[in-house]
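One structure, pasted below without further comment.
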Amino acid sequence: MTERREPTYVYSEEQVAEKSGIARHFIDTRTQLNRNVDQADNFLVKRFYNLDHNTYLEGALPAKYKELMGLVASACLRCDDCINYHIIQSYRLGVARAEQEEAINVALVVGGSIVIPHLRRAYALLAELYA
Amino acid sequence: MTERREPTYVYSEEQVAEKSGIARHFIDTRTQLNRNVDQADNFLVKRFYNLDHNTYLEGALPAKYKELMGLVASACLRCDDCINYHIIQSYRLGVARAEQEEAINVALVVGGSIVIPHLRRAYALLAELYA
Amino acid sequence: MTERREPTYVYSEEQVAEKSGIARHFIDTRTQLNRNVDQADNFLVKRFYNLDHNTYLEGALPAKYKELMGLVASACLRCDDCINYHIIQSYRLGVARAEQEEAINVALVVGGSIVIPHLRRAYALLAELYA
Amino acid sequence: MTERREPTYVYSEEQVAEKSGIARHFIDTRTQLNRNVDQADNFLVKRFYNLDHNTYLEGALPAKYKELMGLVASACLRCDDCINYHIIQSYRLGVARAEQEEAINVALVVGGSIVIPHLRRAYALLAELYA
Amino acid sequence: MTERREPTYVYSEEQVAEKSGIARHFIDTRTQLNRNVDQADNFLVKRFYNLDHNTYLEGALPAKYKELMGLVASACLRCDDCINYHIIQSYRLGVARAEQEEAINVALVVGGSIVIPHLRRAYALLAELYA
Amino acid sequence: MTERREPTYVYSEEQVAEKSGIARHFIDTRTQLNRNVDQADNFLVKRFYNLDHNTYLEGALPAKYKELMGLVASACLRCDDCINYHIIQSYRLGVARAEQEEAINVALVVGGSIVIPHLRRAYALLAELYA
């Protein structure tokens, strides 16, 4: 069985927020909304969050590629919040901009032109993070 | 054949709007946008609206469970407006918060983590309605 | 916190398979394919299966309505295997045919005519189960 | 208000079935499955079928372009049965093969490479119909 | 092989923006976001944009019907930006409002009530363009 | 700009087909169906196929991770043919079974239980390839 362990981040969420206004807005809104979810203390939601966390740990695949896979899934399912989240996580793990772009390209070609509006917004975040 | 009839609401839309700013904003925006749709007077759109209305009437299934099914469908298809609509309708029919949360859990598990950003926003509305 | 517990089934899977050839084919194929999944013994897959199981237990909502919600989600996301599974589960919990049809109607109206081919196949299973 | 009327078909369903084995198999299976749906006599399903029928009548847009729009919708939502249906309907209305291909191209580019397996099967039907 | 050529527009993007505030906001935001994409100069993105452009040229099908097909695809895949884009393009090619409504109806019936919030916003743009 | 080049395969398609009946059936069916597509010689389809091919070349990201990203996209968009294709391609590039499983886990958690029937069929192919 593959061992799972927390990845080592190059940057903290706070450092990302200092670098990018888009990232800060996303992180702040998520934090605020998660407060309601935490207070509700729903058993299944907590278990799902935990499962979700476990999915992206270092394992048979390096964490950085799993975050990029999360980005591909988010982009082809067209969820801006999820795209922002995985771009930020990938950035925090030291992923290069060219690697992020190639992951988004997989989503663009698999998912089609309907992905383009999300790609445009993703590039706005990439531009701030990799400035 | 099952008889269909209008359900009995515990709360009016106006009472919901007084209780929750998120609900008011949703209801007001929808009302304003529906004005254009009403003016256009498109035959098929009107028939679809009518069919849609009939779907959620009391029938073989109690209306409250059909609204919760509408919530599940909306959450796993990831439409914030539709989620808000069915949460409000369920609330108006006297559905308890724990019931709304369990319906959202079905959508979360069937639909995956891509549902989470919508779940967060749904919980913000639940927090206001069930305060 | 809501207590969760196993629902009481009116019929076993074997009784369902005896009643319907479509159900038997579905159950047998799933059993055979699950053998590979079980042998792989993947930690996250097992946790997801467990979470999935917990979602449909008796809780704030009766299990039968949650199975019907699973049916709505499956139909509007258009997965024949999932539709078959939730129709069978609902049947095993004593859901009436008219209730199954109304749940499918919610999925039809929310999900549109693209649901119709799945509705047709669902009705073939309903016809065998409720013969 | 735009008047709606039945379109004039160049070919009957039977003529299509004589030309293409794929078409015959699709039409026969649909006929057989619709028997269950007809027997169930569900009020909302019948209304939805009726609404669906009205959508593709001659109106502000010629019926042939609406069938091709149904093809585009079916292909980007990836439903083989719906794709077959709209290809056959378009063929019956005298649509040229090059027109069908261009409609499928819109779906391919909007919907991405995930459409390709459906495009392959669509081309098998086109090859038989336009042989 | 079908020849492809640029369609002849009745209105420029600027004329559309003068007529509709919604259109202007959409066009301005897209222009601003595309600047990042252009600067990134990603080879595959540029090729995809080029392919996308080619899809809607005059060909076996008149460009106006292909834009309406793009609208149908966008509406049933539920992308507001894409809906706005194809409504504007169709308008620029001289498409009548009744034709746009019928295309949206195809998406509504194929895609279901989940399309309604997008239809409402589409009608707000139609109201401004065809005022 | 990142250079793109063909990846080096560890196994040929023929070797994969010899190892797995599921793979052989998939490859043979695709080859047969592609014949119609090739004969049609549609300009845009050929360009899309070419773009698709370019997406998975060695580049900023190793080809093996891009094939796994294609697998994640295919699984969360729920396309069995695409899942088979990317599992086979990943296998041909020397990807370990545990890596394939982790990629599928990302799709399972992002895409939800609706992915499970596809996961089951994917594991049947994995079992044959990695026997």
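Lettered A, B, C, D, E and F in written order, each chain numbered from 1.
As a working rule, contacts are C-beta pairs under 8 Å (C-beta built on N, C-alpha and C of every residue); 3 or more make two chains touch, one makes a residue touch a chain.
Just so we're clear, the structure is a prediction, and the values are computed from it rather than from any experiment.
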Practice item. Any chance you could name the chains that touch chain C and chain E both? Key: A, B, D, F
Check your understanding: Is the number of contacting C-beta pairs greater for B-E or for E-F?
Key -> B-E
Exercise for review: Pick same or different for copies chain A and chain E, depending on whether their interface residues overlap by over half.
Suggested key: different
**Study point:** Repeat of interface C-E, chosen from D-E, A-D or D-F - more than half of residue-number contact pairs shared
**Key:** A-D
Review point. CA centre of chain C versus CA centre of chain D: separation in Å?
Key: 29
Check your understanding: Roughly how many whole angstrom separate the Cα centroids of chain A and chain C?
Key -> 32
Point to revise | Rounded Å distance, chain B centre to chain C centre (Cα mean) | key: 24
Review point. Roughly how far is chain B from chain F, going centre to centre by Cα mean, in whole Å?
Key: 39
Revision key, fill the gap. Multi-partner residues in chain B (2 or more other chains touched) are 44, 48, 51-52, 55, 73-74, 76-77, 82, 101, 105, 108-111, 113-114
Exercise for review: For this assembly, give the contact graph shape among line, ring, star, complete and other.
Suggested key: complete
Review point. Taking the complex as given, what residues does chain F use to touch chain B?
Key: 76, 108-115
**Study point:** Touching residues on chain E, where the partner in the complex is chain A
**Key:** 30, 33-34, 36-37, 39-40, 42, 44-45, 48-49, 52, 73-74, 77, 79, 81-82
Point to revise | Complex contact set, residues of chain C against chain B | key: 2, 51-52, 55-56, 59-61, 65-66, 68-70, 72-74, 76-77, 82, 96, 98-99, 101-103, 105-107, 109-111
Exercise for review: Enumerate the contact residues on chain A facing chain C in the complex.
Suggested key: 1, 4, 41, 43-44, 47-48, 51, 54-55
Exercise for review: Flag every residue of chain E that touches chain B in the complex, lowest number first.
Suggested key: 78, 101, 105, 108-109, 113-114, 116-117, 119-121, 123-124, 126-127
